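What follows are several structures.
Next come two complexes built around subunit A: one with subunit B, the other with subunit C.
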Partner chain A sequence: MSQATTGAAAPQVTPYRAAGRRHLSDRQILLLFILPTMILLICMNLIPLIYSLFLSFTEYSVISGTPPAWVGLDNYTQILTSADFWANFATTGRFAILSVVLETAVGFGLALLLRYKFRGSGIITTLILVPMMLSPIVVATFWKLIFNPSYGIFNYLIGFTNPNTAPEWLGRSDLAMWAIVIVDTWMWSPFVMLLCLAGLSAIPDYLYEAASIDRASAWFQFRRITLPQVMPLLLIAVLFRTIEAFKQFDLVMGLTGGGLGTETVSVRLYRLAFQGQFDTGMSSALAYIILVVIIAISNLLIRALNRVREG
Partner chain B sequence: MLKKTLLLVVLVALVALGFGAVSAQEGVTELTIWWAEWDPANFLQQIGNEYAEETGITVNVVQTPWGEFYNRVAAEWAARGNAFDMVVGDSQWLGQAVTEGHYLNLTDFLVGEGIADTVTPATLQYYGEYPSGSGQYYAYPTEGDADGWAYRKDLFEDPDNMAAFEAAYGYPLAVPETWEQLRDIAEFFTHPDEGLYGVGVYTQIDYDAITMGYENTMFSYGGNWWEGEDYNVLGIVNSPENVAALELYAQLYDFAPPGTNNAFFAEMNDVFINGQAAMIMNYFAFFPALANPEINPYAETTGYFANPAGPDGQRFAALGGQGTSVNAYISEERQAAAIDFLRWFAQEENQARWGELGGYTCNSNVLESEEFLSVAPFNPAFAETMTFVKDFFNIPEFGSLLPITQNYLHGFIVGGEGTAQEALDNMAAEMDEVLAEAGYGA
Partner chain C sequence: MATITLDNVEKKFGEAYAVKPLNMTINSGEFVVLLGPSGCGKTTTLRMISGLEAVTAGSIRFDDRDVTWLHPSQRDIAFVFQFFALYSHMTARQNIAFPLQAAGLSKTEVTRRVDDVAALLRIRHLLDTRPGSLSGGDQQRVALARALVRQPAAFLMDEPLGALDAEFRETMRAEIKRLHIQQNATTVYVTHDQIEAMAMGDKIVIMSRAEVQQAGTPAEVYYDPSNLFVARFIGSPGMNLIEGAYSSGTMLLPGGNTYTVPDAWRKALEMSLPDSGKVILGFRPEAVVVSPEGALNSVVYADDLHGGYSMLHLELPDSSIVHARVGREFSFPIGAPLQFDVDPQMVRFFNPVTEKAIRLNGGEA
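Coming up: the complex of A and B.
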């Protein structure tokens, strides 16, 4: 009896549900999965992005309680005609060039050294990767102690054994930027190394074997085999590091507080947007200028990357 | 089915009862106070615990590092938030907080109940009143503070040092009476080969430290930040008095321990405790650590003195300290509870207890009492200092003015960029721009 009841009810419900499921096409299912992410992105990224674009054309302070007042291009004009802001961009550019060049050289060098397996190479590689896993503000705090002329170890390691004549890295305008570059290089060279190692391990051995048979020198092999093969990954590392360098904030704030000519554009943006000033309109404009600069630089690097891949 | 219905009814009844129970407890059971991360905030927590014992209302003092304190409060203001009921805020914040409506007007409470008469007039003016002279008060003066000095008595009273100093400078080694003498003493004690330096001074660029440090010399040299009701800064910020004061401050930095290029209160105490500095500048609120032998090995031989005089005999000290304000965005019920706490806290016996714990009371009677003057070795210097304090701008634009002073002072004092005159000329021009844009002097 119960079987009969079940059997009678089933044809009424199941076809309806099945039909409902069948109505969802693959594309609809795809959209269903994407929708939560899309909603999150729109709410958390797109709307604030558009709103901040609007704010960049207004005079507005988020804590003032007064509504934004439209000022057109005034904020952009003020920023682009201000020597102070250009100085911040120049500082950022100087930092980005110095740090990215050093990180690329050190990272690639380390990758070449660790390319072939040897006893303990695994643990050494892991240890080298530790700095990039640390929080930048923790790194900055440690390095402040390391740079201290009285008891820090850095001066001792580079040969200044007398604290009285040792340079004060974080207290001199001519050294403060170098101090930040050194810390950034220490922290992020392992990242470049990691990508280069991946590139190096993908180079087929037969290329080197063929070159050796042809009696090619080590330098020739490096120039004609190693470098071209690693170049795509090396450029990706450079791309990531350049973008990060243009956003440099934590290390600067932690090491110098942005003083002594180390105020990068991100530090300036932070001060303008929050610290004491809360100039939301102007800081939105500056943020957009930074965004455009980063997109432009990224584009140049991506084009270079594509040329390398194609060529 | 019946069982399910019954279960549902029971659940609904339980939920309704639960809500009923919550709505019956409408009274405020806890208060949140925001303050910076430092010893006085711990003392306030202790006072809060005593309040909780008496009233059953828990008081939580939430501490934020000094460098981020203003940002955190300002972010809460921006959100019109109610994360705190009271904030122990800097005097500079008053203008902004009042004009933007973040603080509750406490005039009726403070004046109406006679509490305003219990605190020293200077603290009521600087910590609570806005605009100046208006008789409108927005904060109860809580932590009176100013810059003072700690020094190593063992070094100052060493016979060899005394003889050598007198031979070199022509007057006896003692607590400096002028800034020039302080400079001489700093120079005398600077022996890098022994790891000893003359003086530690504020240099931090992050918030307001280097500006506050420089103010001590600037005010004492007869200088000022502005003149007149329209806040004229041109010729004032870059006056000859200010230039001389800045040059002296930069000279003091020449005798500071290495590594103090971005230093505030913690670094000052550090260089003193580790024996690197013969004298340090610091807010009195940070001196309890120096009087503690478990922290400071020189605690027994540490002396304290108030700011020396400038060339014309004027003595001033940069005002620190804060008043407690009530958040305008919390419910009326919470505002009333916050005022109840302030009423209790302002009572003389509780202010005496505040002073006993290590807080710097602004209560006139307690300040003058023998108990307060003898409770800590630095209290006499503190009481003396509080008679000649002066403050920075407290207008809403202070947030835009402060980065200008910080950058130029740090650039010249620490970075050696340009001359004192150039630094102050540039500073004055930029400050004038900010003030003109805000409508002052129009």
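Coming up: the complex of A and C.
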């Protein structure tokens, strides 16, 4: 890149004016391009990361005015031995599994339906992608109205026409989690669909021709050709959705505010860090635990992905 | 092994013919090559036989079985694709086993048959490799193994060597021919390479513009092309064709050469020619006999040494070019005048209006 840039620019610059600049070596130009990003990354990401790691070993609140007091592993022990926090993790895990499974099924199904072009398939694909482009808070606000037992359309659509007997999705602890899963699925299935469509369109027709000549049934073709060929992209979709699901915050806050058994770790983290006592030390420790969990899950999925790719 | 019969089979895309109504019989155990330039309908014909493409009219029979409207899977055929169509996520063994597993054969039976066919094609050492890390030739061997493993009623091959480089092509050509002889399988083979067709086919069907131009043995289509297209298309270079005017035993060629028509042909020409006497003289490059007493005058235009022989490019008085194949010991300076004759056994004549060959009995091909 840098060579091409200098090569293209050099002939246009007269020797006199270039005198000051022409001593820039490729390496210096390289650094000029990279340094601003590096500095930003270090200031905005790396330093806070290390600082919060330090804070996670202290007793500290940003609003208290007292300096951090070193407590060692106390914060971690407290979190990991508290049933409360484990409940948050269980909620997050349940949400992640439910939503990722549903999104994968719906997204892959939609991709199979939209795989072959038909009249209007382009516009339908675009329309299906719309939810993904909305802000989660906007989505949550709208769905709150959709779920409303008195005038929301959701209950009406699934057959409960009497507002007095219709289920209150956001008011019952057995349904609130499902409500969030439904909204998340509505919003993010298109993402899975998009990646699956890309995978499906990359499968050459002649593989199916060969398979039909080899007398493979439709199911056998799906299992032995379609699925393995789409698997790498499907796993990437699952990887992204799993990581996102573990960070789930905005939809929960928008729909239930974290009540009724929907308090995910991110919501708990937010409350711990920015509400009440502003327990910065404890919340830093929790943030680190979430980070480690996400890295671990990602690694498992990436390993699976590499296995699929290399066989 | 089955006899394949095509009865008035045609394929139309809208109003345009991809294949005009076509009749053809491929006998059991025969190796038939569909040959023609790209877009001539040969691949469409093959795909109709396979069932990958539906016919718009006509019927296809395998022996006495009407398969016209059967799904490819019900026709009991194997198809070898130009770009191999191997399943990239499976090893060679899994690829070859695929049709057997799809048919629900037992594990031991699958293993036994895959090992057998791998031994036949000498690819046993490659069985655990994925197609991606195999050479083109080896990929096509695996594809052939996948076709052979099922012992189908017929093999259909769509330019199977087209994606290989020249060196592999020679080797694979011999291998496919040897396999055919060993298995005695009915084979339909599509190619645009006439050398391949000549080398492999028991019968060659030459197609152009959606219809069959000629069907015959390699020798027939080479020595007795039924029309100008075949005369030009077969051979490299193709047949020399010179238009002239016939009258009472001689042919006046452009530029002043006079060619004496062999006695055997005179009656045929007189019977079939239009009044103008216009006729096209055709002869293969190897029919040229260079001799000082030759009746035809020319000038050496170029002289290419092809190793075993030389190809002379001779310029006739009207500046058209005739190709002559001569022994490599002959060498001619460029620009030198040269006389030649044509071997009377190897002369052919064509009607310039119908473009068809004139037969010795006076009829047209």
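Methods note: the second predicted complex is superposed on the first by the 283 of 311 C-alpha atoms of A that agree within 3 Å, B and C clash if a C-alpha of one lies under 4 Å from a C-alpha of the other, contacts with A are read in each partner's own complex, and residues count from 1 in each chain.
FYI, contacts are C-beta pairs under 8 Å (C-beta built on N, C-alpha and C of every residue); 3 or more make two chains touch, one makes a residue touch a chain.
Bear in mind that the values here come from a model prediction, so they are computed numbers and not experimental data.
*Asks:* After the alignment on subunit A, I want to confirm one thing: do subunit B and subunit C clash, or do they fit together?
*Replies:* fit
*Asks:* Any idea whether subunit B or subunit C touches more of subunit A?
*Replies:* Residues of subunit A touched, subunit B against subunit C: more for B.
*Asks:* Of the two partner chains, subunit B (first) and subunit C (second), which one does A:Gln229 touch, if any: first, second, both, or neither?
*Replies:* Touch partner of A:Gln229: subunit C, not subunit B.
*Asks:* Touching A:Pro68 in the superposition: subunit B (first), subunit C (second), both, neither?
*Replies:* The answer is neither, since A:Pro68 touches no partner chain.
*Asks:* Return first, second, both or neither, reflecting whether A:Phe220 touches subunit B, subunit C, both chains, or no partner chain.
*Replies:* Second partner only, subunit C.
*Asks:* Now for A:Gln277: first (subunit B), second (subunit C), both, or neither, which partner does it touch?
*Replies:* First partner only, subunit B.
*Asks:* First (subunit B), second (subunit C), both or neither: which does A:Gly199 touch?
*Replies:* Neither subunit B nor subunit C is touched by A:Gly199.
*Asks:* Name the contact category of A:Ser150: first (subunit B only), second (subunit C only), both, or neither.
*Replies:* Touch status of A:Ser150: first partner only.
*Asks:* Of the partners subunit B and subunit C, which touch A:Leu207 in the superposed model: first, second, both, neither?
*Replies:* It touches subunit C, and subunit B stays clear.
*Asks:* Classify the contacts of A:Gly257 with the two partner chains as first (subunit B alone), second (subunit C alone), both, or neither.
*Replies:* first
*Asks:* Which value in Å is the smallest Cα separation between subunit B and subunit C when the structures are fitted on chain A?
*Replies:* Shortest inter-chain C-alpha distance (subunit B to subunit C): 51 Å.
*Asks:* Which residues of subunit A are in contact with subunit B in one complex and with subunit C in the other?
*Replies:* In subunit A, no position sits in both the subunit B and subunit C interfaces.
*Asks:* Which residues of subunit A touch subunit B in their complex?
*Replies:* Touch list, subunit A to subunit B: 62-65, 144, 147-150, 152, 163-164, 166, 168, 170-173, 253, 256-261, 263, 271, 274-279.
*Asks:* So in the complex, the part of subunit B that touches subunit A is made up of which residues?
*Replies:* Residue positions touching the partner: 70-71, 74-75, 77-78, 96, 100-102, 192-193, 195, 204-207, 257-259, 261-262, 276, 398-400, 402-403, 407, 410-411, 414-417.
*Asks:* Given the complex with subunit C, which residues does subunit A contribute to the contact?
*Replies:* Those in contact with subunit C are residues 204, 206-207, 209-217, 220, 224-225, 228-229, 311.
*Asks:* Of all residues in subunit C, which touch subunit A in the complex?
*Replies:* Interface residues on subunit C, with respect to subunit A: 50-52, 71-73, 77-79, 81, 83, 85, 87-91, 98-99, 101-103, 130, 146, 150.
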